[in-house]
């Protein structure tokens, strides 16, 4: 319940600060992290996918699953990009640039990793995306605690 | 970093279970909680909103802000409803009904609270929504730990 | 013209009742039924799809059609789920639970059938979805006539 | 149950004809009619809307309702336009032009009525939209029975 | 810079006329032309796509690319249709019908070409779409200069 | 016709280069410029909006127009942000950073201007957005001609 305490405890305090911005709601890196992990999971599931036999039904169900996994990868790569760009464009302010001089660069590279993960089925690229988004979450958390 | 450890530690384990379902990605009550808190925050901001003067510009900026807060409330009430219904329809299975006999009821009432918060500007209704979604998060967390 | 009479005749009466709810508009099970029938039709079309020859163009056009049928199945399964959940969360009220004690259960099972039909190409599952949505339409119609 | 019989009876037959087109699903004028009636209903509700008192809460709830009714009008006018344009661009074929020489004109005027109903709160304009969409439904039904 | 001059020079003038219609913004055939060219490009890319080897990774990456190209074709065919229908339903007025008597027909045929390009991978059909949208752009430009 | 020549002439050449990226289609700053100009136009229209009389109908139509102009401003500010971020994340590559050392900065400031224009009705802010997007279009055009 520690997490819900945080939600009901810290967040309302954060509201009093600049952290709630209409219409972005409440800033949080977690949706981007969930999306990045979903991209990684989809790559793993595509690589592990097997046909259940050689009949037509098995082939069609294989294609149905493959298509949906690739589409889920696409959607979550897009969502991941959208979520981190909300942080970059709305949450981070000029004062953060001194403390995090590579801020633009890490966001730029991570956004490009989202596109690269759309264009390929590559577990290493997906892991890099997860790692980069976690770096962004670290920066976000540091920017919070430094208040 | 305990949270990121959890993401990289527990979640991949969860993946091996039934918790990753294409196309729903990874189940997590937090997006619904963020959305519910945003609804509450918007009601508080609408109630606190003041005109900065009586000139035309102040009146138009007041209306611009009011409209955007009400629309953000609407959008996050909708998102909250979507997110909890993903848990109800895709995550929870028949076996959960024994452990949580009021499962259908709590989800139904919470979904109705989303609609009620669209239809009104009422801090008590918004607080009820936050409380109900936190109840759902408790049930979700119990269902996880009981594995 | 009996149907249009109904639209212009009965519906405005229904408006005076609780049947028009902003922003859900007018409750009607037909969009869910159309979506369920489209899911069934797509499964039938996928199963009936043949390549027109063995050249590259025929293969690519086969893949183009297969992809679009599977995506249409996905979209209409999603739409079907959205439409029935509007009825469950906004139209049906506590007083309906006495008359239809299995209300939650039928909606839950039907929503799960929407997800199952996304995850498979299976005509029997699609037919079950059509039948369940028609059951929901029966319940809806009974709830109307009982006024 | 006559309606469900029709769904299960006639529609599958229609499927065998050109009436099911991936990805448009099954052609039906009813969604456009529901949307047009919702536009009319929203205009009526806006005109009937009253403040429940003069305190701040009453004023804010009045604005919340007004905004949502106007937005629902906007959305359903858009949906109405989308739905009739699906019929015009995908369902109706060259052979229909002989039988319905004013086909382009009625669709064009009705689409313009959708935009006009976005731009105004005017019950007469909304009634014209309902009437035009019903004319389109008549043409659609004639084109079906003439098979 | 001639183009930006035009944007800052002519367009604001056009604003004073009926060319800016809330919520359609500013009328311009270019988005439809970009979408049509993208459909053509996607067909060309699908036809040129090759597997990079015969291993599983190469096959999956081939399928990933094919799926995304076909989906991009679908999306831009849809966007192209939406964009030209905005011009047909909102920009063109009755007075244009005298000067462009085949107005309805060219828009109808072009909209149908959008659907046909969804349903096939056919470079000739895609080129016809580009040509038709350019015809629409010519008509649009003539309707502007004739002011 | 010079513009269509450009479309059919230069663009296909550009296709052969890295400028067409699935699923982003063809890079072009114009949609962002149209969106920025629409934001400016909406601010001008809001400031110029007058009630046509003091009766209830005039007041409701004033509110209907105001709401739709503010919503169009919101939507086009969002679209403008999306469009420039496509250029920043997908079109511009590391090699551009040497030639345009302030690339990150101009995109960041412009994205923030999109959000600021959502939050206010301020013609100067809207003009700054138009100017910044035109600067981005200049950089884009320089990056093209330098090939």
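Before moving on, here are some points about what is shown:
So that you can tell them apart, the chains are marked A, B, C, D, E and F in the order they are listed, and the count of residues begins at 1 in each.
In the analysis below, a contact is a pair of C-beta atoms (placed from the backbone, for glycine too) under 8 Å apart; a residue touches a chain by one contact, two chains touch by 3 or more.
Everything quoted here is computed from the prediction, not taken from an experiment.
Within the contact network of the assembly, the step distance from subunit C to subunit F comes to 2.
The minimal number of chain-to-chain contact steps leading from subunit D to subunit E is 1. Greatest Cα centroid separation from subunit B: this falls to E.
The angle needed to superpose subunit A on subunit C by their Cα atoms is 120 degrees, rounded to the nearest 5. We define each chain's centre as the mean of its Cα atoms; on that basis subunit B and subunit F are separated by 32 Å.
With each centre defined as the average position of its C-alpha atoms, the distance from subunit A to subunit F rounds to 25 Å. Chain centres here are Cα means. That of subunit A falls 39 Å from that of subunit D. Within subunit C, residues 22-23, 65, 67-68, 71, 74, 118-119 each touch two or more of the remaining chains. Under the contact rule stated at the top, the pairs of chains that touch are A-B, A-C, A-E, A-F, B-C, B-D, B-F, C-D, C-E, D-E, D-F, E-F. The touching residues of subunit A, counted against subunit C in their complex, run 56-57, 60-61, 63-65, 67-68, 71. Residues 21-23, 74, 81, 85, 88-90, 104-105, 108, 111-112, 114-115, 118-119 of subunit F are the ones touching subunit A in the complex. Subunit F contributes residues 1, 3-4, 7-8, 11, 15, 20, 22-23, 25-26, 28, 30-31, 33-35, 37-38, 41-42, 44-45, 65, 68-69, 71-72, 75-76, 130, 134, 137-138 to its touches with subunit E in the complex. Chain contact summary for the complex, subunit C toward subunit A: residues 46-47, 66-67, 70-71, 74, 118-122.
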